[in-house]
Every structure is written in structure tokens, then in C-alpha cells.
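Here the structure comes first, spelled out in C-alpha cells, and everything after it is commentary.
Labels for the chains are A, B, C and D, by order of writing; each one numbers its residues from 1.
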Amino acid sequence: MLDALREEVLEANLELVRRGLVIYTFGNASGIDRGSGLVVIKPSGVPYEKMTPADLVITDLEGRIIEGKLRPSSDLDTHLVLYRTYLSIGGVVHTHSEAATAWAQARKEIPCLGTTHADYFHGPVPVTHPLEPAEIQNDYEENTGIAIVRRFTGGGLNPSEVPGVLVAGHGPFAWGETALEAAHNAVILEYLAKMAAATLTINPAASPISTELHDQHFFRKHGSGATYGQPDC
Amino acid sequence: MLDALREEVLEANLELVRRGLVIYTFGNASGIDRGSGLVVIKPSGVPYEKMTPADLVITDLEGRIIEGKLRPSSDLDTHLVLYRTYLSIGGVVHTHSEAATAWAQARKEIPCLGTTHADYFHGPVPVTHPLEPAEIQNDYEENTGIAIVRRFTGGGLNPSEVPGVLVAGHGPFAWGETALEAAHNAVILEYLAKMAAATLTINPAASPISTELHDQHFFRKHGSGATYGQPDC
Amino acid sequence: MLDALREEVLEANLELVRRGLVIYTFGNASGIDRGSGLVVIKPSGVPYEKMTPADLVITDLEGRIIEGKLRPSSDLDTHLVLYRTYLSIGGVVHTHSEAATAWAQARKEIPCLGTTHADYFHGPVPVTHPLEPAEIQNDYEENTGIAIVRRFTGGGLNPSEVPGVLVAGHGPFAWGETALEAAHNAVILEYLAKMAAATLTINPAASPISTELHDQHFFRKHGSGATYGQPDC
Amino acid sequence: MLDALREEVLEANLELVRRGLVIYTFGNASGIDRGSGLVVIKPSGVPYEKMTPADLVITDLEGRIIEGKLRPSSDLDTHLVLYRTYLSIGGVVHTHSEAATAWAQARKEIPCLGTTHADYFHGPVPVTHPLEPAEIQNDYEENTGIAIVRRFTGGGLNPSEVPGVLVAGHGPFAWGETALEAAHNAVILEYLAKMAAATLTINPAASPISTELHDQHFFRKHGSGATYGQPDC
């Protein structure tokens, strides 16, 4: 069932290992089949080196297990909020990658200091507001997803133009049209986070690039006017 | 004698190499067989690439060599204090891993700035008080262990909830129910230490996460109410 | 057509991957055949692991495609400005390597703090002035090249003695007599950038080395009096 | 001629590559045969991956080439000053390793902030005074060696207890009883340098460890009372 999606979600999880974003059983990637409304997600606490497509868990959008013998990732409910709220999202990734997590722990949004950032994120990488005690003690994972949505809605942000977020005191979530694109965006987010911290160490007064430069780079890679890459790639 | 424990302790030592926590002959891991009260520990100054299970040294809880042709790790007496004091500890690891050692050298406890930390340590990672000259000049390694215990007792800390410590001006010790879990906790401690330093570089005023968030994450992975991972893993 | 140059340019691109300067499809290297005035450049958005010499694109100095089925790198026009302006340049490389990009984002030139820098760059690594909005919105890539030339001309800089530049808010370009030398200089630039940032973290008041030391090292490796390396290497 | 020493010096050079202390043709290691007074050193500007024992150059203590078709390392004269001045030195290594070079560029000695440092260096890692213009323009490499000796003599330092130095604005030299020990000490120096910088970032007021702790660690590994390692290792 959903064999191709299982393969892709496994590959997205392994990409996180290969790129150094996760160690041990950290992190999780999922993907959704919009036709059936079913989600494929990494099992909880299973080492990556032993993981097979058959270990992945299939749930519906309410989190009921449809197929799989293992427990799904403990962050499943956060993924589900994102899938239910944003129909453009086909894959979600969560990591504790070092630099992005440091920004999340610092509770600072990542300003757009250069074109690498602008190539992928249209605007700063936002950070959520901390959860209230009651939101932590009940339905914590779902409330984490709701805090992300609240931040995007309150800030007028478009998840197709801002493919990731920092959850305050926790770490990054990234997404994309597919699970592999979500993993790719998680790698980029870590790269941006590391460079932004280094930039501000060199020059604490460094300021964001101009709107014109930001737009030029973002729209060179996104939307109908994009010229980057190959037409049929 | 104690062949399975020898294998596990060797594996714990090699895990430190694989994860980049030690170079050359740095670091040491040990494990205890509580039935016989015997400890298996790395030999002193032997390169990891040549180490075999037979090279490991077996001592009793007073440090008398029971089996082995090589000298035990020079830090043996620190390990023994921990085993004698805390019956819940089955494995001990000592490294000079870069980030955790930097915190130990800075003589600062590592505050809990995020959920990665809270997943493993219930509270900050404590730092010992420096030893007095007389404690250094006599029974130095044993006194290092006593300084750790003093810090835990004085601070009302539970070694099952705080599986590691920074020895001031020296480096980290970590422990667990087994030697492999001790090595795992040493890797996590290094990871936390690196992220905490990066966080405070980004935002020197970053504050610890709330007690509610800390507890939520710690008890999601520990104790009878844990939901992380697989029931039979 | 230009098979040897294709091989060299591919090798220069792969050197960027091997040395950790680029991930995914980041970065681009090109080389020019001065006899025919033809440029060989990396295609846009093609993963390095799949790239073959045949995938590279050949253009003339005006950017017209002479051979190749794929789109050339989106930064082609910047390369072409450099080739048209400086006849001594035989290869150009652009990356978003972490430390050099951090300096570019900080909009700070890299001072010559030591002999490693002086071995390769005669003077600081300059940074361009930000482009005006109109320069970004029209012929952006060509205007990026013009901003580099303007910085060199205005500063009285010689591209044979200063084989690289930081484009403000963007990242480094490096060059050399060949594509491989350009890649080599890009690696060195990243190395210098990382060490300069670390130096200023240790000592914010660190000052550049003396003119005498700078010249001694630069001319030990460059020009008719060079003594470094082997006479026939 | 001197085949075993050739092998060891090649191995010491390759150790610098394996441990990430050098890239391309950076760095150089040498060893001396005290019986004949002959020095084996890396050739200048030859890539490590192609180097064979036969490529190494043999000179006498005045730098006259005794055997070898290639030019010796351009830093030969610095090595020779150290061999002529300190009879206890059997091997010398020079690198531009990142963290140690950053300290050299910052012109700050590395304080002994922890026991890792104390295990190898008895006191801070010293930094030389900058050379005068005339010392740079004539016999530069020899004067670099003289500046090291001047720093040790002026500071009452013993090269057997302080097996390395930072040359101001340049980078580290390390030494030992053999070429391999010199390479080992260069690796340790880089490790110490990295941790010291990280320590001061975490706590700018961090102070050196006590004399008692410093001595305890240094003499646990050095001198007649050493207890670290195996008696016959």
C-alpha cells in the first residue's frame, strides 16, 4: 500500500542522516497521498540504519493507524496539523539540526542576510511563540502544529513561499510539495542558519538584503518566471 | 570471563571514536556486572584501532585487577566512586569531547535551552567545584569522583535524571544503565553543549525553556508514562 | 569540441564538491579557450553526481550557446564580464561556501591577518558595493560582474594579485589562469575566511600583518622571484 | 639512505592530512638522524597523495642537499634552527591548521584552560614576537626559527615541556622526540586551540586551571613518575 510513497519517505529520512541533520533516532519525515488522504511517516525511535519501507507507518489525517506494526513518530500530530491546514504541502520534516535548533533555542527569527536564503525563503525564517503551560500539558504535539499555523496566519505568511519555521525552544520544521523537497528544504534551512550566525559574529550590525535583491533571487527559482535549472527537470 | 560485557564495553569505547568524541587514546568507557561486582574498563593509552575485547581490564570495586595484562585507564578510580555510590549506574564514560569540555573549562553549567536537552537531562548539566590542592595531589582520580558525588548530593540531583556532569577544568563524565547507554549519553551531551554555545552566541539573553516544556519532553522519554519509541524496543 | 577543457571544467566543479564548498546544485565553475573565445560552463541546476563532460555548455563571450542541450548556469553573465574584462583570467568559480559567504553577507572585506592569506591574496579580499535596484531588476547577473570590475578598478586592484572577491549579500567569486586554479583559489578563500572570523573572535583588535611580511609571502609564491614549489611543477 | 626515517617522516606528513591539519600542499614535517646529523624533510609544493619516501629530501644541518631531486620545503631553515638549538628535538612539524593559526593570527598565547592542555603542554602555548622588517627581507625562514628560540630563551621555556609555539601572524610549529611525535603534538595543539577559543566564547572570564592541577596532569604523562599508558608501550 502506497509503496512508492513509502520509498520516498524512507529516502527523505535517510537524506537527513546523510546530510548530518540527525543522529541516532532524531528527526522524522513524512509524506501524504492527497488522493487517499493517507500519511506515511517514520516510526518512533527506530535506528535509521535498520529502517525499511515496511517499517514506516500509514495513518489517516486524524492519526488513526491504517497500516504498520510500529508506533508512528511522536511528532505525528504536528505533521497532521500542517497537512490538514495547508493543502499545498506534500511532505513534512522535523529535525534538531544544530544551527537551526540554536536559532529556535535563541527564539530569534533568521533574517535574510543573503541570496542563498532568498533563493529558498521569501522573507525571514519565522519563529513561533512559546506555548502556554496548558498547551504543553494537553495535546502537546497538536498544539505545536497549531502554534506554527498561528504564526503564519498572524504574520500573513504563505507556506509556499516560506517552507519552514523554527519552533521556539525546540527546533525546525520544514516542508515542501513532496517529502524529498521537505528534506531538501530542511538541509537548506540548516545551511542558512549556520551562515546567518557566522555573519552576525563577523558583523553584529549586518542588515538584511534589499527587497529588490530578495525578490530577484526568490523569483529566479520560483513561480512562472523562474529561469533556474532545466525546463524539464 | 564476562565476555558479553567485554564486548559491550569495547563497543561503547568504539562508539566514542565513531561519533568524533575522542582522538588517539583519549576517553574511556567501562561497564559493571552487578552480580559479581566486577568492572570492565578500557586499558590506559592503547590506540582504539588495535583494541580487542581481551585487552580490556577487569577489576573489583576497589580497583584490584582481577583479569588483564594491561594497566586500566588512569581514570578508573573516578569510575569506581560512581559505581560504588550509585547502584543504578551500569556504565560510565569519560571524554574530552570538544564542546562539553569547553563548558567544563568555562566552569559554567549548561542551561536547558531546548527540548533536545530536556529529552535527556532533567535540569541543567551541572559542573563540579574545583578540587583543593590537597585533593589533587593525593588520590586525584578518586577525589574527582567524590567531587561529582558532592555536587549531586549538594544539589539534590538524581543521577538517573541527570546522566552526566562537567568536571571543572577537565571534561565530561556521562553514565547510564549500561556502557552503551553511557556512550549514547556522552554523545548527546556533546550535541547539547555545542547547541547551547551556539544559542548563546546568537542571543546572549536566551533563557531556559519553561518547566512545563522541560517536563513534557523528559517524561515523554523516561519513566512509566513514556510514549517515545516502541513498547518492546 | 573542446574536450580537454570540458574535462577540466568538470573536474573544477567536482573539486568544489570534494572540498565541501557546495551542496546540491550550488556553485559553478567555467573555463575559457582564449584561442576560440569559447567558454565551457556548468549547466544550471544539474546534480554534481550525475554530471558528465557532455552536460557542460559551450557559449561564446556574448553568452550565445554554441554547443549543449542544457541551459548554462544562471550566473553565466557574471563569468562573461570577468572573461571579457580581464584577459589574464582563464577560469572562474562561484560558490556559496559558508565562511566566505558569511563575510559577503556581513559586507566586510577580509583583512590579511596572516601568511596563509598573504600566500594567495596581495591585500584584503575586497567586497563589492551593493547593486542599485535598477541594476538588480535588469541584467542582474551581468551587473554583478560589472560591480566586481568597478570595485577592482576603483580600488586600483589587479585581478592577478587578488584572485577573488566577495559580492555583497551574495557570496564569493574566485578566478585563476585555469578553471582548476580558480577552484583552488575558491578553496583557499573559504579557508582564509574561516580563519579570519576565528581570529577576530579570539582577538577583536587583531591587526593585519605588516606590509613586509605580506610581500615576503606573496612573492615567495608569485612572480619571477618565486621560490616555492618545484621549478618544473 | 635513511630509509626508515624517510618512511617515518612520510607517515608524519600523511598524519597531518588524515587529521585535517593540512590541505593541498600546506604544512611540512621533518625528522633528524642525530648520528649522522642529517635531516629528512618534505619536498616543497608536492601534493600529499602522490608523495613517496623517495620524494623526501635529505639535507645536512646547514641546509645543503645531500640526497634528493626535489627542492626541500621552503620552511627548511626554520626546522634547522630548531634542530641545531635543541638537541632533544627529533622531529618538527609546521602547519596552518585552522584554530592554532587563528590564535597565531590573533597574536595571543593559548592559556591552559583545562587538563587536555596540561596533559601535553606545561604552561601556555607561547606566541613569538613579530619579526622586524629587516628580519623578514633577509633570511626570513631562518629568522623565524630564531624568533622561536628567542621566545623560549627569553621566557625561560623548556622545549621538552612546551612542544610547540605559535609564530605571530603565521601559524604553529610543533616538535617531539620523533617526527611522528611532532605530528601528534601538532594535532593536539590544534585540538587545544579549538577548545580554548570555544571556552572563551562561552565565558570570556574563564581563568587557567590551578598550578596543582596543571602539574598533576602533566607529570601523570611525562617524566619518571608518569603512570599513563603501558610500561612497555
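Criterion: a residue touches a chain if its C-beta (ideal position, glycine included) is under 8 Å from a C-beta of that chain, and two chains touch if they have at least 3 such contacts.
Bear in mind that the values here come from a model prediction, so they are computed numbers and not experimental data.
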item: Chain A on chain C, rotation in degrees - Cα superposition, rounded to nearest 5; value: 90
item: Interface sides of chain B and chain D: same vs different residues, half threshold; value: different
item: Chain whose average C-alpha position is farthest from chain D's own; value: A
item: Chain A and chain B: spacing of chain centres that average the CA atoms, whole Å; value: 33
item: Cα-centroid distance, chain B relative to chain C, in whole angstrom; value: 46
item: Residues of chain A touching at least two other chains; value: 200-201
item: Chain-level touch network, classified as line, ring, star, complete or other; value: ring
item: All chain pairs that touch each other; value: A-B, A-C, B-D, C-D
item: Complex contact set, residues of chain D against chain C; value: 23-26, 43-46, 70-71, 74, 96, 98-99, 101-108, 130-131, 133, 136-137, 140, 169-171, 197, 200-201
item: Chain D to chain B touching residues, read off their complex; value: 19, 113-116, 184, 187, 191, 194-196, 198-203, 206, 209-210, 212-213, 216, 220, 227-231, 233
